[in-house]
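Lettered A, B and C in written order, each chain numbered from 1.
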């Protein structure tokens, strides 16, 4: 298999784009990534796009063809990939496999979601489809409810507190305040989180990621020709994906995401690195509890210690392991299909030294962790700066 | 979410009576019902099973932001219930609020309306749980 | 002969006190409590209806009878608050208790006596040998117009009876007799949310005439007298009428108290006299004799003469009515209005 590198990245601002639609957003991100790689577009031989619910959110299926058309990439093949909130990382994995196998040379990988064309209740219902529609959502559970039950059990088993959960949102807003593309760039306090409206106890509105419009894209090429397109290629040194039961209740444990643990172990093995070598990580903090579980599943902190570590500031920029320098899903925003690609873009910027005020010094190895549903799909990628 | 009539109809026996599966090979219990035992795979001998309806609260939450169709029910408590046989299910705990529930509380199945929001539409019934009086 | 081989009672957890309702409408709480004889009434939760109440009662009846639900050959659900105008409650109940598909099922409506009408139908089917067991349920989540006198008394509850052969019965139904006329004392037109009634006209020409004549009719048919019975259960639209009719018939108060539940749970309509009977069966001894007279507006009464057998010990298999009556939580008027969907737009 060939080694593969990211040679170009791009993304839209994340937020509420009232004046722009699905095709506008994905085109902007794609064109930016091509520009970053110094490409005209003719170099691209295939594309992959992650989008969770375009069919429900904007009534549009067949999004691969739509994107090929609007990005001026016809007649190359573009394939849509879906794995709920992990759709973006799944698309990245497909692109990586296409280049690594030699099937394609240069591919573009995008992620996009347009979420604000419907009202919040309708969107929540659509996102519910990432769980078990017949045996969770229909019976009255919501997505926040599933994560709230993980949080309740986590607090019960490990003595974690609501302040520990809140500290994740506080830190991610702080990081987001340094990211001009983030949806929220305001700082908040633990008290703000605790006082915010209850969604599904113990999770309040500031424990939850928002609804967001946005798109992100990367261009992949074989590592041996990467320098043709960029001075700072970022090698993807590991890509691992794992599955678990669609219903939360059927998992052995709900205080961690087993699929993420399995994917992480496989990724560390592929990359030949240990968790302590990771200098920066983008993790799937769709809810604050998800980040606590993620930093444990990824081996950064022992089981049950993530809450304390977060409260103590160990996941901030400059501390032990900077988590979600982009602001994460919480502050940067969570346009579902785009999130996995945005994580890759942020890690690429960090490893290239292009992350501005939020730059992690000495970042040479980074990781992204993207989860679909309540943990039925998990994808971990590890990236390395090429010297 | 609005469910189609055929889909609801197919689920009626399972939702009304808490029917799942048991694998006669490994004695594993599953809810909802499945055709393949995830442990034994093709060696499994999967059969239908009616759960006793007794169980304990494994985790729970009180919902304040309702999905469509549940607007008139908030606040309500959803839980993961660990059934006496070992399988778990997701269901509402009725007639309580979050402050009345603890992990480990004993519960038993009751039959309630799940969704009945559309005044001209179908009424969906099924299993929920209530705390067992001590 | 036939009898009751299993029975089950269910009353929802929530209650509202008459004084709380009275306060909303500027009424004198003591006048309501003493006048109607209703202290509080049972209120179904917002995810309960006549079908769910019926299922809870039916499951207990099955436990007590100790039979497979598949053995039921008939299932009748009597109610004035069937969840659907068209689509049977009985099929929902039959499916939920696992009695489908080999049985006949139908919904009944006769104001407050649809439950006892179902018992009579099952008696006929079992007595003739057409079925081995039949289940009759009286269930209601009855509604009174806000501010109307009925609002204080319309409660929610259900009772289920499995009728089978006398040898298996925990109580034998010795005989039954009905008294029926066309009397417009109370009605609800199709599509109307709340019933209308004839005020004081509901008394003498309605309730009292029918209950008295049905009771006397059965006693005459059986050559019996009041003294032959240990308990009497009369339909109980409020706490006052059953006491008044007992006095007219010369039934001492202590014989009606055990079966008089309306003061604590309100008038559960089709569930009313069946729930009263369940509460009596929960304490009766082998050999005790019980007299039941239901009443449904429109109007008619069904009277039953019942004798408790040694099999009454089987009642321990199921929860008694008191389990549900004593387990209660009080609502304020606003929450009650929310649960009973009295807000426009809900």
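FYI, contacts are C-beta pairs under 8 Å (C-beta built on N, C-alpha and C of every residue); 3 or more make two chains touch, one makes a residue touch a chain.
On a predicted model such as this, the values are computed, not experimentally measured, just so you know.
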Per the definition of touch at the top, where is the C-beta contact count highest among chain pairs? A-B
Chain whose Cα mean lies nearest the overall Cα mean: B
So, in whole Å, the Cα centroid of chain A is separated from that of chain C by 59
Just the number, please: Cα centre separation of chain A and chain B in whole Å. 31
Residues of chain C that touch at least two other chains are none
Would you please write down the residue numbers of chain A that are in contact with two or more other chains? none
At least two partner chains per residue is the criterion; list those residues in chain B. 73, 92, 114
Residue ranges of chain A touching chain B (in the complex, touch as defined): 121-122, 124-125, 128, 132-142, 144-145, 148-150, 152-153, 156, 197-203, 245, 247-250, 254
Enumerate the contact residues on chain B facing chain C in the complex. 12-13, 16-17, 50, 72-73, 92, 94-95, 110-114, 116, 123, 125, 128, 133
Note which residues of chain C are touching chain B in the complex, please. 13-14, 45-49, 51-52, 55-56, 59, 83-84, 92, 95-96, 98, 323, 327, 329, 338, 341, 346
Parts of chain B lying in touch with chain A, wherever the complex brings them together: 1, 3, 7, 11, 30-32, 38, 58-68, 70, 73, 76, 78-81, 87-92, 98, 103, 114-115, 124, 126
